[in-house]
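Here chain A shows up in two complexes: once beside chain B, once beside chain C.
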Partner chain A sequence: MSDISTTPRYVVTTHTTASRIAATGAVILFLVLVMVPFFAGRGLIQDLFFILTMLVLAQFWNLLAGYGGLVSIGQQAFVGMGAYAMFGGVILAGMDPIPAILLGGVAAFLVAIPTAFFAFRLQGPYFAIGTWVIAEVMRLIMAQVKALGGGTGTSLPRSATREMWATEWIAGMLDVRNSAARDILTYWLALLLAAATIAGIYWLLRSKRGLALSAVRDNPEAAKSVGVDAGRMKWLVFLTSAFGTGLAGALIYVQKARISPDAAFSVTDWTAYVLFIVIIGGIGTIEGPIIGVIIFFLLQALLADYGTWYLFTLGIIGIVVMLFAPRGVWGLISDKTGIQLFPVRRRLSGGTLGEE
Partner chain B sequence: MSILSLKTVSKSFGSLKVTDDVSFEVPEGQALGIIGPNGAGKSTLFNLITGNLTADAGTIRFQDQDVTRVPAMQRCFAGVGRSFQIPQPFDHLTVFENLLVAASHGRALDEHEVEADCARILEQTELLPVANKPAGGLSLLQRKRLEMARALATDPKLLLLDEIAGGLTDAECVALIDTIRSVHARGVTIIWIEHVLHALTSVVERLLVLDFGKIIGIGDPEDIMSRPEVKEIYLGIEV
Partner chain C sequence: MIWVDTVVQGVLLGGLYALFAAGLSLVFGIMRLVNLAHGDLIVMAAYLILVLVTVLGLPPFLAAAVAAPVMFGIGWVLQKYLLNRTLGSDILPPLLVTFGLSIALQNALLEGFSADSQRLPTGAISTSSLEIGALNIGVLPLLTFASAIAVIIGLNQLFYRTSLGRAFRATSDDPVTASLMGIKPGHVFATATAIAMLVVTLAALYLGMRANFDPNIGPARLIYAFQAVIIGGLGSLWGTLAGGVIIGVSQTIGAAINPEWQILAGHVAFLLVLLVRPRGLFPRAVD
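Right, the complex of A and B next:
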């Protein structure tokens, strides 16, 4: 053993040159995206809204499955509950749809508590199936709520959408119609939610809890033996992810302004597509879902007219990526170039190691 | 004063009793070796001490506190560190991060407070050259070293080593023994399960023999190894 008092001090770094450039790029991109409604048409804003909300759902599923090891296929439960809570707030309590989005997040958080209580008793594939079953139960329950349209669903009252917070101000400022102003408002909120989600997850992963989360995913028994509260970590990611997914669900349905149980609790729309995005992009990285959502959007734009063939193609691409690039497109890029835009690795240098 | 005491501890899996009425004490600062044939219940005994398994009956006391029902995480906080028989690294974390998670959570400190200590343990266990490599890609010796390094990172008062020398070459074994000796010299109590008897007896001061979940002897290593019943169990194994 060498005497470390005579050797240079050890240094731990997480940032890389690429990450510093990426951080500057992300701020510029965010500002450009904020400005988009000033020069772009309604079609582009709706497309960006779709990309951003899917990105939020993908980041939260990635947090759950890629970092927490909790492979849920019941995320539609929280999209649906978030959306229905927002509708409930507007239709039953007379709230404005914008603050009612928060109600969506809270409702998803609350239903996640009993969901986790039951689902955490299941392991691996049983957990996955269990979460799906719970989501189906929620769909069936919401279909019984006549005040929110029962099985056929309902729409947001015209008065609520017309008088929605800030729409009149946006309509005046950008000289657009009320319906276009609503799209711009929901787009800005989606941009804010996506930025906050990425920043929040990145902050979590760089913290002591992030390390613990990776340890629990890799080996729960060993994690417990070194003082990690594995149970608490699972609750933390499950509830956080439910809250964020609920917010996204509520926001998506403010923009759609019409809800039905089949659509709001759709396993295809809110879980299968999300899984595809994360797997194609690269599970267990923040960059993966960003790349994945862009690929997903481009494929949808190219293949949307081909009906069943579209889904068939998505499935084939998903299988091919899982077989030949299990770490996704970002995994390939990162392996080839060594670039990490959101590095979470703690690199040791200095001391007897020298500069790495 | 004993740091660990087990009183009539039992554990069964279905109808199979794997720990049968086990009682012993370990004085603070001692190195105790545990031997016994495969399936004797050695690793189960470790799991009961660390809290990865809960005893069906009996009492386990650590530093005069009853920890029989205390979960593994809390026992780690109290000062129980362990290595696993089959190395269980956090594959996707680097070697340094494996230690960081153990040191920061096991001691309930911030990461920056334990970084220097983790680097020191990496030096001590000769893992520094692979500090920034993902643990999933390590060799067997490196994995065994990581098991011990990660346990040391939690700053244990009692270190449980489970077949840490198994599968190593003689030279690797000698290096590992040196490391264990230096840890023991710092006053850390050690309980070591091992089949490589020359390695074990070069470190431990007392030996416990387990067979079918029961203690069949405990005491001075030379005395224990000369007993006929121990020789019979170890027939065919070079002593």
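Right, the complex of A and C next:
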């Protein structure tokens, strides 16, 4: 009996050395990114805003498709509804744009409930096109809302953008013009949203629910047999992802300050790009979308002048990666090196394993 | 009477949607593959016909006959060397590869033909109509609908009366056992997609003669086709026709109430069917 206290106990861990270094690195990176507006120009801030918001969209699509097995082509529904709810809050209810971002997330969450009700009746590839149809329905309905500009769209009123929360304070502190202060504010919010998204998804995946989620994705029948409620996991993932995508959509359109149904519900901008980011980076990992968004940004910077050729190339790259490296760039790296920056696998260590 | 006219126009429009959908339905029925580039392939075929018409001066129907074997070949190669590699239990690869293909095709067409909308020259046929009682029915919509019925009868005959059709059904049921019987699933799939591309060519011909098209309209055609397949029920070609007709009639009724509601009405009809009969009206395949 006394042995128990002296022999080392078995411990279940998920941390690795690489993940501890990565966590420290992530904190440092976050602090550096917070400081960026103090020394960088407006162009860099706008580029970083784009990267961070695309990263948020990619992480949520990855949660949906990579972990939840729900391949949606209708994420633009939640970007658009989030953005339109924010516009509605500002234009119709006279809210400040910043709290109206939350309204965007809530609106996306609410429309996700009937959306899921319909889309979950479809399986696999039909789910994918079903979500797309629902996004189209939302686009066509929003084009009928004349108070928000109808089919041609509308802009945020100047009074609302000029007096936005905290912009005056930022303008004074950093000695920049009002419009630059607005970019800095939205950048900081994007940074906060991206950090919260990654931390939140990582926490979810390491929790008991995350284990259940992976089990459902890998084998729904086996997961059900050990008591996992597969249907509830699908709802959880779908609604979470809609809420986050709606927040990102609202934030993106606070920065753009102009909306139209075709832009806000664009399948290319909010789903095709996001898909390529996740595929190229590596689906089913948290690292994948981070690498993917960087590659996507570099590609865009290199090829954006070529317009249609850029999209053509993106399509071909997506096909090639899917065929020859289905786990993306991060899959290749992690196969070679065994490194996982955000490990979710539980390992048994300590004790006297195999020493009997 | 105006309502009868609206419904008749809708039914005939449904014929066009059934033509869009028949190829999709065929490919899905045999290999459970949803080709997200289906709409863009229709648009590509329309441009191929347009090139033949403008460069060689062929009439549209003859141009489509020339384009058909080309599309057949494209379909065969596409399936054999690209899409067959994506088939398996994982649904991600086929979806993402065909989505990538859709983006690539759309932008290649934009690069080659610009975003200007085009139309196939039709001559007298586009304006001539038949007078039945008080109804005026266009010859072209009627021809489209008749073609849709002919295609469905043809595909059903192929499916249930020929050895190729037997190979299709066998491979669809159980590719492993089928290959033990000397069938090469890879070849069967390639042939199925090639045949689907023949239907696509016919759909493209009517699409191009009836309305303007440009490189960006592919995804919307895919959505109509998909809705027709789902409403009809998986695996039933006649169901697909019924689905196309339901979408067509909803759209013309919607448009008669308010022109801006045309597309929306089709989508709403689709969602309603999904609500009441999640497996479609005439489901055959269990999936």
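By our rule, the second predicted complex is superposed on the first by the 339 of 356 C-alpha atoms of A that agree within 3 Å, B and C clash if a C-alpha of one lies under 4 Å from a C-alpha of the other, contacts with A are read in each partner's own complex, and residues count from 1 in each chain.
Quick note on the criterion: a residue touches a chain if its C-beta (ideal position, glycine included) is under 8 Å from a C-beta of that chain, and two chains touch if they have at least 3 such contacts.
Given the structure is predicted, the values throughout are model-derived calculations rather than measurements.
Enquirer: Between chain B and chain C, whom does A:10 touch in the aligned arrangement: first, second, both, or neither?
Expert: first
Enquirer: When the two structures are overlaid on chain A, which partner does A:215 contact: first (chain B), second (chain C), both, or neither?
Expert: A:215: touches chain B, not chain C.
Enquirer: Is A:93 in contact with chain B, with chain C, with both, or with neither (first, second, both, neither)?
Expert: It touches nothing on chain B or chain C.
Enquirer: Which holds for A:275: it touches chain B only (first), chain C only (second), both, or neither?
Expert: second
Enquirer: Go through the superposed model and pick first if A:319 touches only chain B, second if only chain C, both, or neither.
Expert: A:319 sits against chain C, while chain B stays out of touch.
Enquirer: So, A:225: does it touch chain B (first), chain C (second), both, or neither?
Expert: first
Enquirer: Let me test your reading of the model: by the given contact rule, A:311 touches which partner, first (chain B), second (chain C), both or neither?
Expert: Second partner only, chain C.
Enquirer: Under the stated touch criterion, which partner chain does A:137 make contact with: chain B (first), chain C (second), both, or neither?
Expert: second
Enquirer: Per the overlay, which chain contacts more chain A residues, chain B or chain C?
Expert: Partner touching more chain A residues in the overlay: C.
Enquirer: By the touch definition at the top of the document, which applies to A:31: first (chain B), second (chain C), both, or neither?
Expert: The answer is neither, since A:31 touches no partner chain.
Enquirer: For the complex, give me every residue of chain C touching chain A.
Expert: Those residues of chain C that touch chain A are 33-34, 36, 82, 85-86, 91-97, 99-108, 110-111, 219, 222-223, 226-227, 230, 260, 263-264, 267-268, 270-271, 274-275, 278, 287.
Enquirer: Mind listing the chain A positions that touch chain B in their complex?
Expert: 1-2, 4, 9-10, 12, 208, 211-212, 214-215, 217-219, 221-230, 284, 345-348, 351-353, 356
Enquirer: Mind listing the chain B positions that touch chain A in their complex?
Expert: Those in contact with chain A are residues 50-52, 71-73, 76-77, 81-82, 84, 88-94, 96-98, 100-102, 104-108, 110-112, 115-116, 118-120, 122-124, 128-129, 131-132, 150-151, 153-154, 182.
Enquirer: Which residues of chain A touch chain C in the complex?
Expert: Contacts found on chain A: 65, 71, 73, 118, 121-126, 128-130, 132-134, 136-137, 140-141, 143-144, 151, 267-268, 272, 275-276, 279, 283, 308-309, 311-312, 314-319, 322-323, 326.
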